[in-house]
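Below are structures written as structure tokens.
What follows is subunit A paired twice: with subunit B in the first complex and subunit C in the second.
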Partner chain A sequence: MKIWKAFVIAALFLAAASLPFYTGTYLLHTIYIIMMYMSLAISWDMLLRAGQLSFGIAGLFGIGGYAATMLQVFTNINPLICILFGAIMAGLISLLIGLATLRLRGIYFAIITLAMAEIFRVIIRNLPDTWTGGAMGIVLNNAIFNGDVKQTYWLVFGILLITIVLSEVFNKSRIHFAITSIRNDEIVAMSSGIDIFKWLVVIFVITSTLQGLVGAAYTEIYGSVNPDANFSVHYSLLPLAMALLGGIRSTWGPVIGAIVLGLAGEYLKLLMPYGYLIIYGLIIILVILFLPDGIMGLIKKLTQKK
Partner chain B sequence: MMKKGIILACIFMFLGAGIALAAAPKPASGDPIKFGAVLPLADITGKQASRAMQLAVKEINAAGGVLGRPLVVVIADDEMKGEKGAAAIDKLATVDNVYAFIGGMSSGVHMAQLPVLKKYAKPTVWIGAAASSVIEAPMAEQAWYFHLHPWDYQQVGGYITGFKELAAKNPLIKLQKWFIGYEEGAFGTTGYKGFQTLWPQQGWEVSGASFKSALMGGGEYRAALRQAKDYKPDAYLWLGYDADALPMLEQAKEIGFAPPMLIGAPPGWPADFGKSPLAEGVSLFGMWAPSLKEVSKVSKHFWDAYNKEFNEAPATYFAPLGYTNVYVVANAINKVGSLDQDKVIAALKDTKYDSPVGETLTITASRALKNQGFTKQKILQWKKGVQQVLWPLDFKTAEPAYPFPAWDKR
Partner chain C sequence: MQIVSKLRERRYQAILGAIIMAVIILAVKPEVLLEGIQRSSLYAVIALPMALILGIVGIINLAHGDFMMLGSYMAYWFAVKSGLDPLLAMIPAMLAFFLIGILTFYALIKPVLGSQELNQLLLTFGLGLVLEEAANLSFTSAPLKLSVPYVSASLTIGDLTFGTFEFVYVLAAMLVFYIISLFLKKTRIGRAARAVGQNPKGAKLVGIDVNKTYLIIFSLSIAIIGTIGVLFAMRHSVFPVMGAPYTMKSFCLIAMAGIGNITGILWYSALLGVSESIITAIPGAAGWADLVFFALIVGAILIRSYQQRVK
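Here is the complex of A and B:
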């Protein structure tokens, strides 16, 4: 059984990695957009597994993007290094925020993270124009890999793989017991010797670094940053909807949710260019109303009946 | 004799009909020539621009098409998101195989499209994205890139000329003290910086205060309006969005703020704004107004055709801009007689098109870009529910209502 599982995973990996050889530019572009949102959705879910609800994706996504772009503008070094720098900066900032706020719980932590994107946006916009480009942002001389779609796809695919591997490490290692215990009952977790604060900070920093990594890659791919666009609440809400649709507290729920919502959005747009967003919104509402455990929950129910 | 006359008359009639048929435009046939338009379809600007583009296509095809082939405009929605706008360019280029890219609205979206547009380097004629600092310089070296909307600095330069000419004609109009209420995002902040730089150069005082636009979850303007009232400006100008228009005026009325000139500068106005009693006397900026149909034949043709085709009135200047967008590219190809890109680009540079926007569109150089279209906006005013043109004086459709009427006297 385990051999079959490994075989299926290897086949899926090979199919995904070789996609640029048999797929057109537009489909590839659409797929790597979906993969970016997928990475954000998985990273959001990783923190949720520890019982912490975050609305701060957009803030860390934007920080990663701005850090990468500013390093690129000031030093003109390899964009891949800039992307790593963006991720590290998002991680460092989240460490500071985490140390200050992760003693808060439930709605209080959620509110803090909700404010993050807005606070970062205001700071970035009010820094000198020569640093951040002010309200209009910065345009880079060129996109990463000179806009080559295949290489861009592999970059985003690599980021997604890192996210999936980390998420699975969270699920399959001892960390899983720690975070599940924290989520279920903090008093029991503490009495079991789990340092709750330390683990929450570690998880928050890891997930924030991933979100910063995606944000940094995004700005290098599209060659620009803009405070309104890169800190848009959209980057917090869509990954959240994807995770809810697919099913929370697993790696594959957000993956399924991102594929369904991402492809549905594109397909509906081609089918009915005017007003497809109404149908798109209705799908999200209906699924959340009638499938509270998401598509993964439905799959589990169906397989259990059998 | 009579019989001969009838026969001759018949021959002439047949000949005449033959000549008329030969001269009439042949319906377009063959493989279509495709233009790819990227627009925000959930927004009124994108929706009406796309409709106006379809109207232009219908007219062009009825007149024989492009190079005798049918013209098709493939429209893609950018959802006002950079990544979607960039993916739309990839789709139009590789799936639809379009010949040229047209459309556009937001500068933020366009910034993310620039690397993809550079990759394909197809003829591109853009009607939106006016933020010069992030668009104009990066595209300066691209010979295939044409930009029709006036840049932000050109718009402000136009307002200066416009207000000076209006004040020269109407000595009552005072322009000495200005207060700018601006939304705190990119649109308002950049605009305010432009006023801070250029207004003092005219000897005009300027001050301002920011507000959070209703579009971004705000809608509280009293603080900015009270500062403006204390400043006692000759003109109050707000830079915001359509969602700010009515609540802004409601709150100005509430605190009794009615400066001699009240100007709004959103990219679009609420559909029924003109029906509100608050609208009377509010000045605004725009590239086009429905009243232009009274002074421009092309504008009247566009107005009538759009109303007839869609059973609705065009409410945003992006509608006539979209219509212009299609005609400009189609005319250039027809003028050249081929799809040779270099020749079409040369023909686009040589554009002379009587646009429904009012002006004859020509291509000139702007600060950094070689291929810039329109260079100014118009100063308009709401009068009896209709936007009237105050300036340029060539297109004037009404005299300015000055001063702005007091709230209790309307």
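Here is the complex of A and C:
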């Protein structure tokens, strides 16, 4: 059984890694966009597994993007270093927010993260225009790898791999038991000597760094940032809907959800050019009401009955 | 008991501080204080129904501001179609939103009442988004503005000029506050609601229909917020995402006052509204006013978690 699993994973990995050799530019582009959302969805789910609901993906995504672009403009160093810098900045900011808010019940944290994107947008707008480009944003001279789709794909694929590996390590490691005990019973976890607060902050910082990393890569790929586009509710909403649809509290649920919704989204965008976000909102409502374990849960139920 | 008396002291200190602050501003820039009070009243009247839902039904309604947005669109639509004063739209809005509240409760809120907080938050977040996007699809994202002549009336006393229509918000805040207080204290349903808010299981044991109470409180709150939407549309532009900041600010007020503390909301909305007005009045700093509520909410959370640790 285990050998089979390893074999399937290796085959999937090889297929995904060698994709640029036999697919066209458009498909490759679509796939790496889906992979970005997939990384966001998995990282969001990791925090959810610790019992904390975040609406702030867009905020961290935007911070990562802005930090990377600003460093790029000021120093003009290697874009990959800028991407790392963006991720680290998102991690640092989340450390401050986590330290301030994670001691209390989940609702306070959730609302703070809901305000985060808007707050960061206000801050970026109010900082001197020479730093942030003001409402117009910044346009870089050149996209990363001079816009080469293959290398861009491998970059995003790499980020996705890091996210998946971290998520799986989380599930298998000692930390996971701590997290699960937090989720199941905070009082039991507390009385068994687990420092809930410390672990929550650690997890929040890791997932935020991942989200900042995706945001930074996104801006380096598109070569521009602006306060409205990079802090758009889009980046909070889509990963959330993907993870919920696929099935929360696992690595593979968000992966499935991202593939389904990502491909459907491409079609939807053609079908209704604006206002298609309503579909994602409806998906969130319907999944919560009727399919709380998502597609993964449905598959499990069907296979168990046999 | 000690903690309670300490809290009381702190509250008195806050009130004293607010009065001192008000006197200072009144001496230096009276119009800032007036504008701040008008702004505060609007925040208070929006936060009150949200606090009612959170305190008794136990649900944070992240679609709260979006219900107000719907009310505003209704006022706009009513005024344009009928040619009547949009203020008249308050009566049909109240009825319509009571019905919308009932429908929302049965379709969405009731199924998640017993489930995890995360599910409730996600559900109302999804609902808010659907409302916003529905408005976006049917009215586009362009801001709409009603032109009602008496709304922009102003009064000049000495060298002090201020808008008079905005005192409608002060009036509305006082009215809603007294109605809610009286309702909770004097009526049978209101008393039952307080009992349910404190202990749903206990309330059920003594024969209170908990679900009916939830239904009434939820629909009533939605009716209030929808009606406020009409008032809001008279003075402000109407656009699909206009409600979101008010949801956030309402939660900020509730978090500062503490769940179940209706009177506290009035005080803290005064703090929020007047601070925003002061910052808006400082030249070059107006853009930072949107950060005040975030600073206040983080401050409230820090104080609260500090208290928890001391306990």
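Operating definition for what follows: the second predicted complex is superposed on the first by the 282 of 306 C-alpha atoms of A that agree within 3 Å, B and C clash if a C-alpha of one lies under 4 Å from a C-alpha of the other, contacts with A are read in each partner's own complex, and residues count from 1 in each chain.
Note that in this section a residue touches a chain if its C-beta (ideal position, glycine included) is under 8 Å from a C-beta of that chain, and two chains touch if they have at least 3 such contacts.
A quick note: this is a predicted structure, and the numbers were derived from the prediction, not measured.
Once chain A of one complex is fitted onto chain A of the other, the partner contacts of A:Tyr218 are limited to subunit B, with no touch recorded for subunit C. In the superposition on chain A, contact is made by A:Ile288 with subunit C only, not with subunit B.
Of the two partner chains, neither subunit B nor subunit C is touched by A:Ser173. Applying the stated contact rule after C-alpha superposition, one finds that A:Tyr26 touches subunit B and leaves subunit C untouched. After overlaying the two complexes on the shared chain, residue contacts for A:Arg125 are found with subunit B and with subunit C alike. In the superposition on chain A, contact of A:Tyr274 is made with both subunit B and subunit C. Comparing which residues of subunit A touch subunit B with which touch subunit C, the overlap comprises 125, 274, 277. Remark: subunit A residues 48, 51, 53, 55, 100-101, 103-108, 110-112, 114-115, 118-119, 122-123, 125-126, 233, 237, 240, 244, 274-275, 277-278, 280-285, 288-289, 292 touch subunit C in the complex.
Of all residues in subunit B, those touching subunit A in their complex are 41-42, 47, 75-77, 79, 81-84, 86-87, 90-91, 93-95, 107-109, 111-112, 114-116, 118-119, 131, 133-135, 138, 184-186, 189-190. By the touch criterion stated above, subunit A contacts subunit B in their complex at residues 24-26, 29-30, 33, 36, 125, 133-139, 141-143, 146-147, 149, 218, 222-224, 226-229, 232, 234, 269, 273-274, 277.
Within the complex, the subunit C residues that touch subunit A are 60, 62, 108, 111-112, 117-119, 121-123, 125-130, 133-134, 136-137, 244-245, 248, 251, 255, 287-288, 290-291, 293-294, 297-298, 301-302, 304-305, 308-309.
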